[in-house]
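Listed after this line are the structures, all set down as structure tokens.
Same chain, two partners: subunit A is paired with subunit B first, then with subunit C.
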Partner chain A sequence: MPKHDTPLLDELEKGPWPSFVSDLKRQAETKPECWDILGQLELSYKDRITHWKHGGIVGVFGYGGGIVGRYSDVPKQFPGVAHFHTVRLAQPSGMYYATNKLRGICDLWEKYGSGMTNMHGSTGDAVLLGTTTENLEPLFYDLTHIENQDLGGSGSNLRTPSCCLGKSRCEWSCYDTQALCHHLTMHYQDEIHRPAFPYKFKFKFSGCPNDCVAAIARSDFAVIGTWKDDIRIDQAAVKGYVNGEFPSNGGAHSDKDWGAFDIQKEVIGLCPTECMWMEGDELKIDNSECTRCMHCINVMPRALRPGVEQGATICVGAKAPILDGAQFATMTIPFLEINADNEFEEVVEQIEKIWDWWMEVGKNRERVGETIQRVGLPTFLKIMEVEPIPQHVKEPRSNPYVFWQDEEVPGGFERDVREFRKRHAQ
Partner chain B sequence: MGYDPANPMADRITDIGPPHYEQFLPPVCKKNFGKWVYHEITQPGVLMHKAESGDEAWTVRVGAARLISIELIREVCDIADAHCDGCVRFTTRNNIEFIVDSKDKVQPLLDDLAGRGNKFPVGGTGAGVTNIVHTQGWVHCHTPATDASGVVKAVMDELFDYFTSMKLPAQVRVALACCLNMCGAVHASDIAILGVHRKPPMIDHDAISGLCELPLAISACPLGAVKPAKATNAAGEEVKSVKVNNDRCMFCGNCYTMCPAMPLADPEGDGIAILVGGKVSNARSMPKFSKLVIPFLPNNTPRWPEVVDAVKNILETYANDARKYERLGEWAERIGWEKFFEKTGIPFTIKSVDDYRLAYDTWRTSTQFKFTSHIK
Partner chain C sequence: MALSKEELKAAMIEKATKAPKPQLYVKDFYKCDPDTKPRMIKNVANELVKEGELMFWSSGSTTMYARPDRIKNEEARDDAEEHKND
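Now for the complex of A and B:
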């Protein structure tokens, strides 16, 4: 495949940020189909429109997901990208790799694909971009046999679960996000590879309410670490912050002079529940008022830590705007212990309650958050066998349109209008 | 042995999932798993995590494009082999993290990275702009209204100084999605760059019968704008097709997702909307959606100058006006959205007034407002 002139893309080799164009050109030296990626992209920059055709169903035997078909609409001009399918690889929890593992995947992708990747895609998979239909089975064979590596999800199935790095390098993680993510990924291999749902379903696992994997915005089933008891306080370290010995917010603001640290203004004054105060040089917290927002802990990581009675809050039903508008996940279960000893039985139970119901009532291409909107949160809470509590709402409803049930009203709904008329003339 | 096309099911391995993460943890992370006490960002892009044992994990974070080659990954492996016992990790925002177990090992690593041109910029921590999460765009997607990698490159070149420093009031999360499907989930970002279409779908009557399930195309429209209709194809035959009520189209592209014979991409129609003020974290205020403040900017390739200027203007207006810790959306809510438009100089248009479902939630039903220049 010959090199193409790319005057527009060449403009993206300028500037300090790493250039994907320069990277593509370097890769093209050994993988000439990359010249055709550049050529077709240059054409898109000229035409200001995509040159990829719509879809195309391809895959490996026995799987209904993991490969996304892609074909060029200008294959004669750019034969190197005529077929250019995407392969999604299930990423290890926390996205840690050993270099020998990465090199192994690179070698396979040099042999069977374009040499271009996304590390990682939006859902979390390691994404290999661009191969032909005939290379899919040999690639899959080598991935599973040599690299012990399976595909991720695509289509109306469980998408590849993802998590924050959790306890591996974070002091705030309230449960082992990697263990739960890996366990459920293995437990639900069938649901990941063989689409059987109304639409996609995503799990995301964050260790604390800072929610670094955006579970509350991006997952149908969000498990977000939290705690029940008191924030742990190291009063000596509080003094250290007050005396300016430690930088606020873990040093996150160090390139601007924001003045001396002011615990009243920066911590106590910004607490959303106003549950903190100083007594002399001691910081006090009324933990019963705390909503565990993380602000004070973020600002003074040496002095404050989440409590020790740890678990997670389960929120359900987040999605991007298509179709009914964006939704955040709704707080459904305030606190669940996350217990590896019983193989996370309580979490599995919640997931399967949702699936059993949604697979029956969910419409084609309806995310579970939309199904919940359609039937109402009260119905969903009944499905989940959860007692309604004030924590389920931001505020009580402001309309009086309650769906009373027959059995809730003395005498029921069945009445005799003639009997009624005997007492109340028309 | 290898794959045998004559016998594709022979010794097939399936459903093995990803490799177990534990084998890939850097030794210092494995040893101190769950025993971390606190962390500190000692300089932009360098984090130190302290364990109960006294051990320290030093992380050097570098930015990368999301679209990277195996040549670049091999170079990353070379660096990790030389400095990090062959361990490396990626962040959810497409940064690369090199983790070492002592402070002494940080400077040689930084020197090595700096010696490799502009491939490995160190930063993306604390109160700065970290890497932009984004989608495929024209590089690999069939529905985009804009490119992704190119816009991100142009914006990050301009915001580079904020990637390598920590001088903003808080972290600013920028995200790009190249169409309304939002594979990049930009709906909860401080600054969201969103590809949008502005022309209704065309209907390819020659192809629709073979390509589409008409009931699916019709039900795909959230506003009921797609109806069944008879049409005439190029051969002069009457075919079952659909028609679109253009007045009801909101250009979401969901019909095209279901029916390839309804393309809506267009060089003039397509471009970028800017949404701001979203957040995911629960810190201080609850998570917020991003709000639409600029309805359209053109796809001015190759460097999208209008988009770059708009993002920079919003970022710097916020940086100069917000209080320490305040996220962009918290700042806008404190000063009021009318002040946001006044301070940024962004013209307020009717297109920022919601008229979709649940729109009423965003209308102001109070006499509390500020007399900004918008009130003549």
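Now for the complex of A and C:
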């Protein structure tokens, strides 16, 4: 029997897609507080304003992140959600779970919380939605002692690092994303669990430029797999595609008849740097012009593969603030070796250079991308000890002034004013 | 010259006690000793939380520090509101 009338929400049950409203109604049969979620959401739809307020001093002992306090601003009307905190759980690298692990977590959440989960939040964590302050410590105890499961990051912490499936399933992965993600998660436990920075900081790891975890759009420090040498070509397979022996894109678009495969139209003509051409029936690539967009490799996976000298490009500073608009991360280090044998020390070195600088220079609630915008990319590249290259240039300059550093000018800026006056008497 | 850890802790507690706003960003503590590295200040702030001298206040996206006697959680605030007219 519904506790609240929800005519607006009921509309969301009518489409052909799965409905969270139906899920919540089903959950409310055993967790009556879920009726109050529906009631409050219906009210929000009517009032066109959220009735959640978030933040506070909720947390578990010793941790400065992982729990986000959430409260209703109409608690008398909806007492079941008066306090409705969110718990973030660190996900395993690549999000591989055993089903008994998921059952264990769900059982604990049925016991201590609303039973509602969000798999996964945009940071990557498994998100458990809705519990009370008094249930937090017992839940945390059982999560850590029974499920061996840690909390994720929130607030001004390092957020839970996340990665793509990497070499576990993907032939294009240029480094072991899961190994790097797991290593840095363990290496930076203190930064994940206790606030360290002026604002949030996110790592994301993609094995190739297809960037399946959207690292370039969502992370302050994006590690995106790439290669240094030439794309590997199997000319016999290229002919196979041209002759229609293999479906393009691995058959991903075969639900519709797109006509015969046209390598000129579908591959060569779509290359953003126009670095491909046919010589007879052989595909040629000017690899020095290749921008690693992956389009040709995606279309003809049997014929083309990333090169063998593999590593990663480091992009810094993605953000999506409301006032300034979204910004992709900026390519900072074109190629970095990713080496598990030395515990990824090259990556750690770059991360700590950024942190040491940003912790000092970054303003409160300023993402590192905003700090870079404020001080300018040339200054940031100096901090990173990276020589500028043409690919760092976003657009032609509009500022006519050239700022030279002391060491860039022969003799520097030091001068003897008296000597100058002798030659330029007023 | 950088303050000793104990001197730094005392300066940070004083700052958190006397600041006009009860919640402080970690950067607000940098001024307690400009010679100490930000990472060290962060470590000391977290130690003070462990000792119960400071506590975390988080909006979900940002975390701040406060003296426990200077802030109330929402539950306590709701109770206070309810009993205001008693």
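Just so we're on the same page, the second predicted complex is superposed on the first by the 393 of 426 C-alpha atoms of A that agree within 3 Å, B and C clash if a C-alpha of one lies under 4 Å from a C-alpha of the other, contacts with A are read in each partner's own complex, and residues count from 1 in each chain.
As a working rule, a contact is a pair of C-beta atoms (placed from the backbone, for glycine too) under 8 Å apart; a residue touches a chain by one contact, two chains touch by 3 or more.
This one's a predicted model, so the numbers in the text were calculated from it and none came from an experiment.
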Which of subunit B and subunit C A:277 touches, first, second, both or neither: neither
Which superposed partner A:171 touches (first subunit B, second subunit C, both, neither): first
Residue contacts with subunit A in the superposition, subunit B compared against subunit C: B
First, second, both or neither for A:145, with subunit B first and subunit C second: first
Partner chain in contact with A:251 - subunit B first, subunit C second, else both or neither: first
Contacts of A:413 with subunit B and subunit C, given as first, second, both or neither: neither
Touched partner set for A:133, first subunit B, second subunit C, both or neither: second
Contacts of A:157 with subunit B and subunit C, given as first, second, both or neither: second
Touched partner set for A:83, first subunit B, second subunit C, both or neither: second
Which of subunit B and subunit C A:102 touches, first, second, both or neither: first
Overlap of the subunit B and subunit C footprints on subunit A, listed as residue numbers: 53-55, 62, 86, 190, 364-365
Subunit C-facing residues of subunit A, complex: 53-59, 62, 64-65, 67-69, 71, 75, 82-83, 86, 133, 154-157, 190, 194-200, 355-356, 359-360, 362-365
In the complex with subunit A, residue positions of subunit C that touch it: 25-28, 30, 37-39, 42, 46, 49-50, 55-63, 66, 71, 73-75, 78
